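Some structures to go through are shown next.
Next come two complexes, and both contain chain A; in the first it sits with chain B, in the second with chain C.
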Partner chain A sequence: MYNNALNLLSILILISSFVLIANKRQNSYISTFRFQSLLLASISLLVSIRGMLVHKKFDEVFIIFLLIVLFKVILIPMVLKRTSQKVEYTVEKDFFINIPISMLICGGLVVLSWYVIYSIEGITNLDTKNYLIYSMSVVMIGLFFMISRKKAIGQIVGFLVIENGMFLAAMLTTEGMPMFVEFGLFFDLLTAFLIMGIFVFKINDTFESIDINKLKNLKG
Partner chain B sequence: MITSILKLIVQIIIILLIAPIFTGVIKVLKAKAQHKIGPSIFQPYYNLIKLFKKDLVVSNTSSWIYNVAPYIYFVTSLTALLCLPLVNQLVGFTFYTDLLIIVYLFVAGRVFMALAGLDTGSAFGGMGSSREMLVSALAEPALFIIIITVSARTDIASTNVSSIYNYMVNHTELAFTPINLLLFVSMLMVLIAESSRIPVDDPSTHLELTMVHEAMVLEYSGRHLAFIELGTHIKQLVFMTFMANILIPVGFNVANIFLGFGIYLLKIFVITILVALVELNTVKLRLYSIPNFAAIAFIVSVLGFLTSFILK
Partner chain C sequence: MIFAFLAIPVIAGGLVWITKNKTVIHLTNLIGALLILISSIAALIEINKFKAVTSTGIFKDLFYIDSLSGYILLITTLAFFLVSLFSISYFGEELKRNVITLKKLKLYYSLSNAFVLAMILALITQNMGVMWIAIEATTLASAFLVGFYNNKRSIEAAWKYLIICSVGIAFAMLGIILLYYSSTITQVGNKISGLNWNFLLQNASSLDPSILKIAFIFILIGFGTKVGFSPMHTWLPDAHSQAPSPVSALLSGVLLNTAIYGIIRVLSIVNTCLGNNNYTGNLLLLLGILSIATAAMFVLVQQDYKRILAYSSIEHMGIIALGLGICTPVSIFAAMYHTFNHAMTKSMLFLATGNVYLKYHTKKIAGIRGLIKTMPVTGIVFVLGVFAITGMPPFGIFMSEFSTVVGAIQSKKYIIAMLLLLFLAVIFAGFVKQISKMFYGNNPNSEIEKGELDFISSSVLIVLLCIIIFVGIYIPAPLKSLMDACTEIVLGGI
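Up next, the complex of A and B:
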């Protein structure tokens, strides 16, 4: 039952990253990212509740759950939305490769990670294999999202999705890493996010657009 | 023999009675969500009765295809639904059929509708036919992969409905596996595309930019139109029955026929609510965005196919 629920949630995360690839507009990236983080939060809630029931003591993963809800579900999407409202954009088409082909490429990425994980010897648990495939595909799709979008905000969302995928792998294969590692990850994420957010404004100031294609232009 | 024919007749009557109500339910749910009063749930029945009473208007330039197409469309949809098990006891002629037949029955009906749309020579009909063929051609790969995945999971890996049915009756715990979830999502998108629901086609307007299915049947009136509408309601129910009985086989093995029928109606109702939610939260896509929609459905079904190798 528990494994089934985790399986369902992890596959929903995979589907949500496919939805992210199919999105066209910046606001829908952000809400899809929020949905994905909500799914990640529910996975950590499940893991923590099970840990509490099995070991009969307070599980640290619960704090991770609260942190995910606070940062990834509420704070970061809110700030991103505010940023995208402040930064004007005029280019309608935001991607280099059109959507059906990028969907096919992402399907290929899932097959690739399936192949890679299957050729690793030593993973005996079928469910672990499955979780690893999903989380690795989410990481790959996040990378692909980063290289296929023109706008700086799309790239921030791609970075956050990569982070989500790594978190998913850590959560599902180890049932919660040590607290310090998790805090370090969160701190890293927040710093990177803040720097990127400032950079978006800087790019917008200098080039009057956040289209990163224009970064090639020389500016005196 | 006699009992199976009797069962078939009972099943046809049940299908004809319940098929239009789900379209009505979707309309009511949408109206309630927008704080409108909305029509009654039985509005599709009133429409059908009104259309059956009206006279036919047939163009002088049309050929026999125009007259025969609505009946072929209706009969192929009904036969497709009879290929799927409705309730444990009422299995129609599922013991002789194959899942792929459902796809080809739809193709047969659709070909005749497209020909009939071209037949009268009006500009709208031809446009609607070409659009409808585009949408169906895009939705078909996903449907095929769903069917193949479902059949590959049975013990003898056959697309025969009876073997799938026997497997599902004994394995109700399969309902909540990731494979079924992926197939369910993909099938929901195929359902939306094939039964002309909102992200793909807007069934309630007659605007030339957005019409797909409506443009094709624009010339029809009276009894012919009633048969086409009934066929569309039944076609929608085919996909919903596939989702309810083959992808979520919970409560399918109940021995009591009335209880089983109640569970079936409940599952179909949940799927109806999902479709209504999708309609509420999306807008009509441009015609050139429909390939993106179909690509998502296809990729999700391919993922389900792959996952069926990992999780046996």
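Up next, the complex of A and C:
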């Protein structure tokens, strides 16, 4: 029952990253990211409640749940929306590779992750294997999303999706890394997000656009 | 002891904001850098007595400094001290010309302290998770340093640096999660120690080899992005060439070593678990040769002297990777020795480019002639530095490259040795062809007056030159025993 629920939720996270690839506009990326973080939050809630029931004491994963809700579901999407409204926004087509082909490539990435994880003999637990496949696929799709979008905002969303995949992997395969590591990770990624946000404004000021295609002065 | 490492940069970075007197700002930072250098030497003395420095109390399992981390720590703090000294004249000059404001100077000092703090944290912790966090934090702290001048080029470089390194390092996190997973399924122990490299190394034989193999690939790619191994090196030439020269010196001389340190720790765990170095060795040899080859190709066509030096950093990281990949005592000793030589030589060269840039206002090789006549000290240091970095005797880099080749031949890796020598020759030719134009002839621009920047910057360059010549001729006994201890640790000893 518990494992089925986790499986279902992590499959939904994988599907939500496909939805992300299918999105055409910046604002819909942000909503999809919020939805994906909500799914991640519900996984962490489930893991923490189970931990509390089994061990009969407060489970630290619950704090991670609160952090994910506070930052990834509420604050980061809000800041991103505000950023994307402030910076110049004219290019309608924001992708290099068209969407059907992107979907096919992402399907290929899932198969690749499946192949890689199944070739590791040491992972004997079938559920863990599946969770690793889902989370690695999310990481790969996030990476693909970053390289296939032209706008700086798209790259930030891709980065956030990659870290969602990492959190998924950490939470499900090892039932949470040690607490201070998770905190540090969260803090690091939050800072990375803030710095990237600042750089979006800087790019917008100096290049009068956030089109990454214009960043082509340095070569060789 | 350990808190000194963490507290000094925080205090020094914070104190610069209190005052408006620029001499006091420079001095605060310099004293902070000197104190960290002293603490790292003190740590090394303690390691010499007790093998390792550990912490007590609630952070008992978190911090651990042994010879290897102490050695890289020494390089880091020494380079930071010399760079801080140089920054006084470099940024003092820029302040005089109103290129930067006083606020920017304070920002530079705070960020460079944060940058060094992150590197120190990566070195003194034994927790892989914290190490990852610290290495990611180095990217964040230095992103603004790379984009310091806020012009088109530097912002582009900073954005690339930020994105490529953050994404690359995400893969290292996946690798660390797998490492942790392998320790949780085989070991009882408490949760936190499952991420400690010391614990993993001691229990390496009971970890699962197939998980470790895949974890190593992820970590090699992840930290390798930060090291600048080809083909993940694309951020490196941009960031190194666009950052202010003191920052370039830190990025190239110190940061790359910190990232390679992360790889070394995992390397020794995986090698101990697998019982041999075939797997990790082949991967490292491949990446190493690829990096050296890439550097050789690009050195031939560069027109920007800082970019040439950046590509040369990729080459030298490749040589260190070869040393680690061959994995015999000789080659690992060579890799350790090379780390020191490269850090000092490359810092010297980047600092020299700082002087050149302030004088000529261009990064193009074509715009610079008659360097030795215009700036005698910088010019001569630069010439000798170019010879040192391309591996001419009697400098340290010659010795360590030579030992790497010897190591390769001893372990019958003739093709590796041959390719290494070939690419080294190409790189030497490239350097001479490109850079030598800068030194001779007459300065075409008569507005540039002769003379050095000031006494401090020249003396830093001369000190660094003395270090690399001295270490090339004779390795002092304490340094040698330190490097021997490091070699033992890389080979799996504790």
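Basically, the second predicted complex is superposed on the first by the 216 of 220 C-alpha atoms of A that agree within 3 Å, B and C clash if a C-alpha of one lies under 4 Å from a C-alpha of the other, contacts with A are read in each partner's own complex, and residues count from 1 in each chain.
Basically, a contact is a pair of C-beta atoms (placed from the backbone, for glycine too) under 8 Å apart; a residue touches a chain by one contact, two chains touch by 3 or more.
All values reported here derive from a predicted model rather than from experimental measurement.
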Chain B and chain C placed together on chain A: clash or fit? fit
Here the angle between the directions from the C-alpha centre of chain A to those of chain B and chain C, rounded in steps of 10 degrees, is 150
After the superposition on A, what does A:S31 contact: first (chain B), second (chain C), both or neither? neither
Task: Name the contact category of A:W114: first (chain B only), second (chain C only), both, or neither.
output: first
**Asked** Taking the superposition as given, does A:S42 touch the first partner, chain B, the second, chain C, both, or neither?
**Response** neither
Could you look at A:C106 and tell me whether it touches chain B, chain C, both or neither (first, second, both, neither)?
first
Which partner does A:V19 contact after superposing on A: first (chain B), second (chain C), both, neither? first
**Request:** Name the contact category of A:K129: first (chain B only), second (chain C only), both, or neither.
**Result:** first
Per residue count on chain A, the busier partner among chain B and chain C is C
Q. Which holds for A:I11: it touches chain B only (first), chain C only (second), both, or neither?
A. first
Min C-alpha distance chain B to chain C after superposition on A, in Å, is 19
Per the touch rule, the chain C residues reaching chain A in their complex are 127, 129-130, 132-133, 136-137, 139-140, 143-144, 147, 150-153, 155-160, 162-163, 166-167, 170-171, 173-174, 177-178, 180-182, 184-185, 191-192, 194-195, 208-211, 214, 237-238, 241-242, 298, 301-302, 307
The residues of chain B that touch chain A in their complex are 176-178, 181-182, 185, 291-292, 294-296, 298-300, 302-303, 306-307, 310-311
As the complex stands, chain A meets chain B at residues 4, 7-8, 10-12, 14-15, 18-19, 22, 99-100, 103-104, 106-107, 110-111, 114, 126, 129-130, 133
Chain A contacts chain C in the complex at 116, 119-125, 128, 136, 139, 143, 146, 152, 155, 159, 162-163, 166, 169-170, 173-174, 177-178, 180-181, 184-185, 187-188, 191-192, 195-196, 199, 202-203, 206-207, 212, 215-218, 220
